[in-house]
Structures are given as C-alpha cells and as structure tokens.
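Here come two complexes built around chain A, the first alongside chain B, the second alongside chain C.
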Partner chain A sequence: MRASAITKRPVVTMSGEDVAQVKDIVYSAGGGAVGGFTLAGRGLLAGPMDKGLPWSSVKGLGADAVMIADEDAFEPLDQVLHTSSETAGGGAARADVLGSQVLTDDGTDLGEVVDVIVAVTDDGFTHCDVVGYEIEASEALGQQGTKMLLPLPDTLSASGEHLMVPASARDFVRQDLAGFGAAVDDFRNQLGGQR
Partner chain B sequence: MLFSEARGRQVVSTATAETVGVVDGFVVDPSTHSVLSLELRKTHGNESSLRWSNIAAFGTDAVTVGDADKLTEPGEDVEALSGKDHRLVGKRVLSSAGDELGEVSDVDFDPSSGAITALLLGEDEVEGARLVGVGSYSVVVKAR
Partner chain C sequence: MEWWVWLIIVVVVIAVLFGAFLAVQMRRRRGGVIIDPSGSGGPGKPGDQS
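On to the complex of A and B.
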C-alpha cells in the first residue's frame, strides 16, 4: 500500500477506542522498512502527540485502521525516532525520500520519488518492508511525467538527494499496485541470483 | 433471537404474575461474547438492571423472573460495559487486521444462554465468537 494512504489513518485499540491517528511514518534500516509511526491526537483541534508507535507493537495494518492491543503500545516519541535513526546510518531516516531523485547504478535518472510503497511480510507480522517507490518518471522510462511504481532491492543506498538502485530495476517498473508485489519478488529474486 | 425482536418484551414475575418492566437494552460483555444484563424501562422502582443470571426464562413472548427483587441497580461490572460507547448496534466494525467490515445492524443471541451467536452487518454476518471489543470508535472482531 502507499505510505501516503497510511497517514491520517486512525489508531484503534482492540477494545474499539480510537486513541490516535498516524501523523507520519518513521523509516528504519536506512529507509528499507517501517520502524514505526509518529502520532497526532484525534479530532480537528488535536495536535501532535509526544508518543510514538513502534512497528513491533502494531497488531494490524489494514485499509481503514492501524490496530494495537491498548495504549501501552505507545512509547516516548524520542525512543521511536532514535531507534530508527540509529540503524539508518545517516540523515535519511525519516520520510525525506520524497522528492529525491532516483538514479540507477549506471547513472540514469529514473525520476523523482512521490510516494513510498510498503508491504507487510507474511512471517507473522514482524516486518513492514519498503518494497518500492512511486516515482514521477523521467524521459529515461519513456513516459515522462507519468507516475510509475519502481521495485526496490532489500537494501539500497540513500542520501538526502539521491537514491541508488540497480539498473535492472527498470525492467520491473509497473503502472499500478495490482501485480506490483510479484514484480518486487521477481526483481529481488533476480538480484539474489546474481550474487 | 435478535436484539430488535427482544426489545420491548415484557418482564413478568413468576411469583406475582405482574409485569415488572420492559426490555429496553442489552449490556454485552465482549470477553465472554454474551449478554451480561438487560436494561429495563417501565419498572416500578429505581432498580432497572436485570442480570442474565437472574432471568428465569427468556421466552418467545415474555421474559420471566422469580420476583421483582431480581431487579437490581447496575453493578460496577455492568456499569463499566453500559452506555453508548459500549453499544453494538449502529457501530462500525473493524477486523483486528484493520479493515472495515461494515456496520452492526442487529445482533443475534441464544435466548437460553445469552451467548452472542452473530453480529449482523446488513447482508453479512460475523460469528459472535469473533467479538474482541466494543468501544466508542468501533466494534473489533478477530480477522479470519
């Protein structure tokens, strides 16, 4: 699902109370996974909260809500932000990839990141992986200005400006989310085979 | 039996054959998936709560109780599960995976035990055993 679709989603306890809403996504592992969420209160006038939600406490991430057991799932905001930036090894830990230019390792500009695509892996909900970026395509992809989905390898190098992806990622670009999961798997399998 | 069918049913004392109240609402305990007590109106005194365990029979035409003294003030446990925030009907339903399934239109229960057998969501149905919690925002049910 698109990361932009997760923000503003209510955070609901298993006893049916909406205790917060997602303000922003905190990325960990150098932007390769979702580490947690920053939160805002519910309601028009509610501001940001001083607590965050680590991914490890999320019980469900669906189309309509983020589910948690109860409010004990929240941790001090610093802690949620800190754990993530520690593993990131740089300043690109937060959602700063938006607007970054995607370059292939052979030096082609593929376009600019407009959204992040995340997926929950099947292994018992332990991991929420960043599997791709939605990019506004450059000329190199042949359809300048259109939005396309670019699968990502397990790990990639990112600075504030550029994101570096293997050149073969171009072959797995998709137009919409249907079938994108399979494209990500194919792409990663192909990369795995090379090693 | 549906909540909508049971509402308005008379509560009659088997000792005096008098009507002691009328069924007005249901207090559900999500942890046991069953009706904990009934809320009554048109009672003679201030006692308007009838615990499920105090019901003699939940019949097709009336609810019977031993005597009017089976009606009590709502206890702490009942109080904690009463009110609009804990009502099922009219509330949105979320699965524990975070997907909205619909809105509760009615509730089906077993009149012999008080167990919630199903939540009706318009055309759809969710087994009562999947009920996890009921709060101000939504009803939560186990994802399949």
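On to the complex of A and C.
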C-alpha cells in the first residue's frame, strides 16, 4: 500500500475512542522497517502531538483506521524518532523522503519521490516495511513525468537530499502495484545473488 | 469613511487572517515519510502488547 494511504488515518483505541491521526511514517534506513508513526491531534485546530506511536504498539493497520489498545500505547516522540544526534554517526539526519531525488549508484537521476510503498507481512510477527518508492520518472527512465514504482534493496542509503539505489533497480521498475511485490523479490534476489 | 467601508475592511482582514491560519495548520498537519538513519526499526508485533 502507499504511505499516503496511511497518513491521516485515525488512531482508534479498542474502546472505540478516536484519539489521534497518523501524521508521518518513520522508517529505518537500515532495512526499511517502519518503526512507528508521528501523530497529529484530531480536528482542524489541533497541531502535531508530542507523542508518537511505535509500530510494536499497533494492534492493527486497517483500511480505515490504526488500532491501538489504549492511549498508553503512545510514547514520547523522541523514542519513536530515535534521537539521531545521540545515536547516529556521520552527521546523518532524519529527513522527509517525499520530494527527494533518487540517484543510482552510477550517478543517474531516476526521478523525485512522490510516495512510498509499504508492505505489511505476517510471518508470526507482523512486519511493516518500506519496499519501494513511487517516483515521478526522469528522462533516464524513458517516460519523463510518469509515476513509476521503484523497488528498494534491503538496506537503504539516504542523505538529506538524495536517496541512493543500485543501478539495476531500473530493470525492475513497474507502473502499478499489481506485480510490484514480485518485482521487489526479484530485485532483492538478484542483489543477494551478486553478494 | 462610511461605516460599511469599515465593515468590509474588517471582514476582509478577518478572512485573510483565517486563511493564513488554515494554511499554517495544513502545513503543520501535513503528513510525510521520515527516514531515520539511526532507527533500528526492528520487528513489529501488533497484537503482542499486553
């Protein structure tokens, strides 16, 4: 599913109380696992909340709402975001990937990120991972301005402005979500085979 | 000035301020996708919290 389908979803407790709405999706550069969500209050007058929702506290990610047990599921925002100044090396900083430029490792600009593709898998534990970017394609992909889906490797690389992908990702670009999961698997298998 | 001129000015000022407030609120509430270079992410397990 697209990340834009998750943002603005209401966060609802098991007692039926509508306590927040999803603002940002936070995912890890090391593996793409979604670590949690930042939240905004409900209603037009409410702003961003100083609490976040870790993925481990999510009871269910439904089509219309994110379910939690109760408001105790919320944690301080810093814990959800992981304070990068304390734990990250090399001056890396958190950044919104929407609008970022995607570059291959051979220096080709593939386009600009307009959305992020998230996959929820259940293998005993429910994982939520970022598996691809929806990009507005550049000339390099032959269809400039078209929205295309680009699979991501297991380990992501990003700076403040650029998102790096292997050059071979171009061969696995798709135009719609149907079959994109298989493209991600094929891409990752190919990368695995090269190692 | 006529009273209705003042009325129009006040209404316009209120409308502009309200529009600016809405624009700021929309920007504050706008969603995004944040990549966290320090985050381990880790396995999630919805429904496993007791």
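Definition applied: the second predicted complex is superposed on the first by the 176 of 195 C-alpha atoms of A that agree within 3 Å, B and C clash if a C-alpha of one lies under 4 Å from a C-alpha of the other, contacts with A are read in each partner's own complex, and residues count from 1 in each chain.
Note that in this section a residue touches a chain if its C-beta (ideal position, glycine included) is under 8 Å from a C-beta of that chain, and two chains touch if they have at least 3 such contacts.
In this text, all values refer to a predicted model and were calculated from it rather than measured experimentally.
In the superposed model, A:K23 lies in contact with chain C only, and not with chain B. In the superposed model, A:K59 makes contact with both chain B and chain C. In the superposition on chain A, A:S15 contacts chain B only, with no contact to chain C. Once the two complexes are laid over each other on the shared chain, residue contacts for A:E75 go to neither chain B nor chain C.
By the touch criterion stated above, A:G31 is placed in contact with chain C alone, chain B being left untouched. Look at A:T7: by the touch rule set out above, it reaches chain C but stays clear of chain B.
Ranking chain B and chain C by residues of chain A touched puts C first. In the superposition on chain A, contact of A:D109 is made with neither chain B nor chain C.
The intersection of chain A residues touching chain B with those touching chain C, taken from the two complexes, comprises 59-61.
Considering their complex, residues 3-4, 7-8, 22-35, 38, 40, 44-48, 55-61, 69, 73, 81-84, 86-88, 92-98, 116, 125-130, 156, 158, 163 of chain A touch chain C.
Here chain A touches chain B in the complex through residues 10, 12-18, 59-67, going by the rule given at the top.
Interface residues of chain C facing chain A in the complex, by the touch rule stated above, are 22, 25, 28-49. Of all residues in chain B, those touching chain A in their complex are 30, 91, 94-100, 132-140, 143.
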